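In what follows, structures are represented as structure tokens.
Heads up, the next two complexes both have chain A, just with different partners, chain B and then chain C.
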Partner chain A sequence: MKEFHNKECTCWNCPAINLAGKVDFRACGQSPKKFEGGLSRGETHLMAECKRRPELGLFDPMSMTFEECSEWRETPYGYLLKNMRVMIVGIDGYLGWTLALWLGKLGCRISGVDNFSRRGWVKERGSHSVVPISDMNTRLHAAKEVLGLNINFREMDILDRESLKEFIEEEKPEAIVHYGECPSAPYSMIDFEHASYVQKNNVMGTLGLLFTMHEAAPEASLIKLGTMGEYGVPLTGRPIFEGMFPADAVLKWDDREWSMGGELTPRDPVSFYHVSKVQDTFNVYEACKYWWLRSYDVMQGVIYGVHTEQLAADPRLRTRFDIDECFGTVINRYVSQAVIGYPLTIFGTGEQIRGFIGLEDAMQCITRLIAKPPEPGQYGVVNQMSGYSSMRNIAETVKRIGKKEFGLNVKIQRVENPRVEADRHPFEPIFDKLPKEFGFVQQDALDKEIVRMFKLLTQRHVKERIEEKEHLILPKTWWSGVKKEVERLELIKDENGNKNGNGNGKNGKESRNGSKNGKKETVTFDGR
Partner chain B sequence: MADEKIRSVIIGLDGVPYGLLRAFAEEGVMPNTADLMENGTLKKMKSSIPEISSVAWSSVITGVNPGEHGIFGFTDIPPNTYRLTFPNFNNLKVNPFWEKDGSSSHILINIPSTYPARGMNGVLISGFVALDLEKAVFPKSLIPHLEEIDYRVDVDSGKAHESMELFIKDLNVTNEARIAAYRRLWERKWDTFMLVFTGTDRLMHFLWDAYEDKTHVYGGAFRQYFRRVDEIIGEIAGKIKETDDFIMLSDHGFERLDEDVYINAVLAEERLLSFESGKEARLANISSETKAFALDPARIYVNLEGRYPRGGVKPSEKETVIERIIDIFGSLSHEGRRVIKSIYSKDDIYSGAHREKAPDIVLMGEKGFNLKAAPGAGEVFSKGIFTGKHSYDDAFLFINRKEPQAIMPDEPTVSDVLDIMNRMKEGSVYEGVSQ
Partner chain C sequence: MDQKTERKKPLRLTDDNFEREVLESDIPVLVEFWSSWCPPCKMMEPVMDELAEELSGKVKVAKLNVDQNSAIPARYTISGVPTFVVFDKSKEMQRYTGAQSKKQLYLICNAGNLL
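Entry: the complex of A and B
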């Protein structure tokens, strides 16, 4: 028998149940309150009905596991509900479209909403997706033709709550993946108008979604995209826990001690965009507390990559790929720069360390989260990254692969850092939950995905689209408010680079204190 | 009119014991009941085994024992699973009287264990357990009218854990809505009118001590509730025709609760029940070493190989396990008092097509000992906030006839009620009894 990460989850976790209420047979008592006064623990029982299997009648949702239920079927990523109804908010985006095809191929029934604002933001900055992408009609048609998927798309702004509610009531999603936010720190730092727009779009959009779920889909699980940037990088060097302090964390102060277990860890956002994500965190956390919604907040590391099997199946199915200062993520941009002979630009010293995750691995993580829905009322947080590294080492890695595999002459150049951030800092992220509790195993090493990116981006028509927007690569948005392009500084000499492309530039490896007793566990960027 | 059908009016007082009814009639708390008793017959009645509402009311409305109607408790476990289910009307294997007599029309209000309500000739409003009013009412066209009077199936028992004041208030509000519903529906044409008051049971669970102790802070509220129920009994009695059959009954009795006794904790102490390592003490997690487990209130099932997924008892060992369980509970005592009054094997008490689903053993407690299953309970004996518990042999049955020997057995049980109703209606008598 396979050891799936979710085999012991019960119907209590399952979004396909209706919680009818609670009974207490000690006093022949019933209560419409589903959650108050404790759960099914011995003498009071929650009563559930299965929306998919009404023949089961009323039953205690904790007395049946996914493994025992015929509605949960085996997939490579654990048990997954048959034809699970998943709604993707922001389905037209880099992640949203990729996930739609990925989950669709796993047998999920996909619906999605988008108002194409990402296309608009990139256009506003004068840029475009360097990998050509189709319009939504073409995408949907190709998904049907090539992959056999029927995706139910509805164009809407989620701030239009009435339309959102109507669509959710129609689709009855069992999971909602929320990618529908503006994901750019620089964009939020352009001026007041952009900052307020990002915060309104993100915070009010998410708040509206929470209210709508409360009203129309309280049993669905919400997978909400956060960012590792919410935490900042604590200069004390304390570990960056997964949202909450672990059970044995203790605060010592003034000769006294307090348990910190379960408390939200401090957030230290690094832009007005990141502030919006922190505000989301609190809103989602409160909604879970007040209304027993269930959510995973996914603190995603910097994303990179172009490949999934579905995206590669047809040019019309490709997801977007941005390289401009606002929407291009760092590894994606570095590969693009390498392709056109533009020096890879590292901000300041380039010693800033960030967590990263590949596109395909991110899809795997989200699938595994969907497959193990949180319990009602649970606000869970995962740090979704497969490794971490300094910017400089990332640049070295891209340079090495570009040179070795594609014969490119790649240079690395320091530029002024327009952001307000520490150039050198400790970095001790904890990212244990996905591998330990959700069975996540990294599939694609960084090198492999960089090779795939090079292969796609060196295609002539893509390369030309990169060259066309070359002038948008160098940052012009300063956190200070100054409006000027950053100054180019010196080129980095080859011998300063890290030869294997791993680690933080000192010994080629990162370590983290995810283990007890001070015993260090070594983690490289590419694997665990 | 000579051809006019004899109508039946049935009032259920959930859990009200014979002794309390007599006492309140004599004390003047229930004067209308006292008047009725002068012109009819009141008898003690035995409940079902186990003595709980879902089983007992299912016997009342079908006229058969659990081995036939298939309801053995509020909970059950389907074969080959450890899934804890809550049997409801769909699981009742014998049609209730109103479905057998489709030519008559019936108004049925708050009948326990008839959820979800289904089509019939007349009106059915299900009683406990019925968490969604939408599914508790037939015909659905009635729902807006019930919502208009803020009808609720039952009191929110959770309120008693917050505040007894709040609970009593909610109990009275629920009762008044029920009364309003009865008054509206009475005006329709019907052949059977059945109304069950279930607040009596809830009140006695939480405040039996207020019945026994007149100085209790809620002694007045307790009596006031019964006074109000009696007013409605009087109101209905005043409306019926002379030719109507009038029946009042309870499904089980009540008595003081001294101590809760956790049957699964006894089984665990005796190493007959254990849970998979590191998992919560829930039936879904029982280990394959388990020999037996209990469901509420004291139904014991042998964890038989072939019947349950982790059945740890071979068929050849079953009798030995049962004997051991009988020994254990037969000698169980607490502070010098015997705890278990009766130990029944399923062959002793159940007959019919669904007997195989029955528990292997059912225990009944001595006076004051409230038997519970609760696999998570750590201790065998404890005492919670409840002061009253069900009892088996002092439910009551009242009929507006003075010749009981003609139509009811000397010691009626809840399974006899339907037969008695039919005899009243048909005028038939027991063999050998002259009318």
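Entry: the complex of A and C
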């Protein structure tokens, strides 16, 4: 029998539970009066109702597990509510569209909103998605025709709260995945107008969504996309915990000591965009505290990839793929550069280390989070990455695969670093929760995904679209405010194919923290 | 994770079983009063799991959710979470509020030479 990560969850976790009026979460020390609420005389434990199965009447929400409930069905990623209603905010984006098709195929009822701003930002920078994408109408038709999915889409800016509330009341989502933000550090560093736009769009959008959930969907779980960049890289080398300190992290001062357990760890955002994400973190955290909303804040590593089975099913279903300095993520951009013979550009020494995750793995993680909803009022944080590596190692990997599998002559070149960041720094991220508590197993190995990217991007029509936008690859946005293209520095020498690109001296291998208590095991980037 | 070797988990207390499991217990009981909306309580989970295993037979490690059960928290005037209370022979021996490291919890359990 399969061991699902959510089999022991009970109705306490379930978004279908109706706790309204049955529990006073302030009973512990904050309630102005002695609470008697949903507890009838002679019964002292909590009773609640199920919105999906009203015939059950009042029952103890701890008495039934997902495994026992007929509404929760087996999927490869744990039990999922049948026809689970999932709303995706930012459904037209790189992740949003991919997730819509992914969850749709798992039997979820998908709704989504978007105002197509991502298309606008990329256009504003003079670029385009190098993998051609369809307009939303065509996408929706293709999803129906090819995959049999009915996606309920509504064009909307979530800052229009009235429309958002109306749609949420209509759809009654059981989970909301929030991808509806501007995801670019360089875009936020262009000038004041861009910085303030990004902060307003992201922070006010999320704040409005929180108020709307409070009013219209308090029992839905909110899966909110954050970023590992919220933490920065602490130069002390202390571990980068998953949002909060563990109980055994102790503050010592004046011959006394305190557990830091449950306190938010310091954030050190690395751009004005990342500041907006940190502000989101605090807003979500507070909303859970004030209103008992339930949320997972997902600190995602740098994403890469083009493939899921659904995206590959039809050219009209492809998700976007950007390569410009603002919206192209690093591995995606490196593969594109390799395809057109443009040297892979590493900033400074290229020894900056970042966490990464493949597109398919990110979809798996989000699904597993949806399948195990947070408990009432729970604000949980996961670091969503499958491994980490230096930029130079990543460039070496792309180069190796480009050369070996596709016969490309790939070079690596240093360029000036337009960002304000340490080139060399310690990096010890903790990313245990998804594998340990949510059953995440990496499927989307880096090498495999890079090969898939090469296969798609070397197709003539895609390659031509990369070449058209080649002039947008080199950064022109400096954190200092200077506006000039970064200077190209030396090409990395390549004597025998493996002399360079070994930032950590592990010959292409990188580390994954696979155990707690600071003990590290060294395995490859792909977690093998 | 190996499911075959059943690891001890903290006992789930309710208003109904508190009398039997805590006040009538033959051995001391460490009770955590907790809530799902309390981040420090969540971070105590792995520590409480480890203690349940390590103190097995010496101290009963147990948890009571204050939102699902209202009578016992009211009886013991629990006004913040997490609150850790050690009971021995039906008497309250120790009480601390706020997250505790594992070492601190050991000291709390051991303060009355319970271990």
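We adopt the following convention: the second predicted complex is superposed on the first by the 474 of 528 C-alpha atoms of A that agree within 3 Å, B and C clash if a C-alpha of one lies under 4 Å from a C-alpha of the other, contacts with A are read in each partner's own complex, and residues count from 1 in each chain.
Just so it is clear, a residue touches a chain if its C-beta (ideal position, glycine included) is under 8 Å from a C-beta of that chain, and two chains touch if they have at least 3 such contacts.
All values reported here derive from a predicted model rather than from experimental measurement.
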| request: Could you look at A:Gly57 and tell me whether it touches chain B, chain C, both or neither (first, second, both, neither)? | output: first
| said: Output check: A:Gly261 vs chain B and chain C. Expected answer is one of first, second, both, neither. What do you get? | reply: second
| Touching A:His45, do we find chain B (first), chain C (second), both, or neither? | both
| query | Thinking of the overlay built on chain A, is A:Glu68 touched by chain B (first), by chain C (second), by both, or by neither? | reply | first
| Thinking of the overlay built on chain A, is A:Val250 touched by chain B (first), by chain C (second), by both, or by neither? | second
| request: Go through the superposed model and pick first if A:Glu468 touches only chain B, second if only chain C, both, or neither. | output: neither
| query | With the two structures laid over each other on chain A, which partner does A:Asp191 touch: chain B (first), chain C (second), both, or neither? | reply | neither
| Can A:Phe25 be said to touch chain B (first), chain C (second), both, or neither? | both
| request: See if chain A has more residues touched by chain B or by chain C, and give me that chain. | output: C
| Which superposed partner A:Thr10 touches (first chain B, second chain C, both, neither) | first
| note | Intersected contact list for chain A, partners chain B and chain C 23-25, 27-29, 36-37, 45, 62
| remark: Listed in rising order, chain A residues that touch chain C in their complex are 3, 12, 23-25, 27-29, 34-37, 39, 44-46, 61-62, 244-250, 257-264, 288-289, 292, 374-380, 436
| If you look only at chain A, which of its residues touch chain B in the complex? | 10, 20-33, 36-37, 41-43, 45, 47, 56-60, 62-65, 68
| query | Quick one: in the complex, what on chain C touches chain A? | reply | 1, 3, 12, 14-16, 33, 35-44, 46-47, 66-71, 73-74, 78-81, 98-104
| Partner chain A, residues of chain B touching it in the complex | 14-15, 52-53, 74-75, 81-88, 90-91, 128-132, 153-158, 160-161, 198, 201-202, 205-206, 281-284, 296-297, 372, 374-377, 384, 386
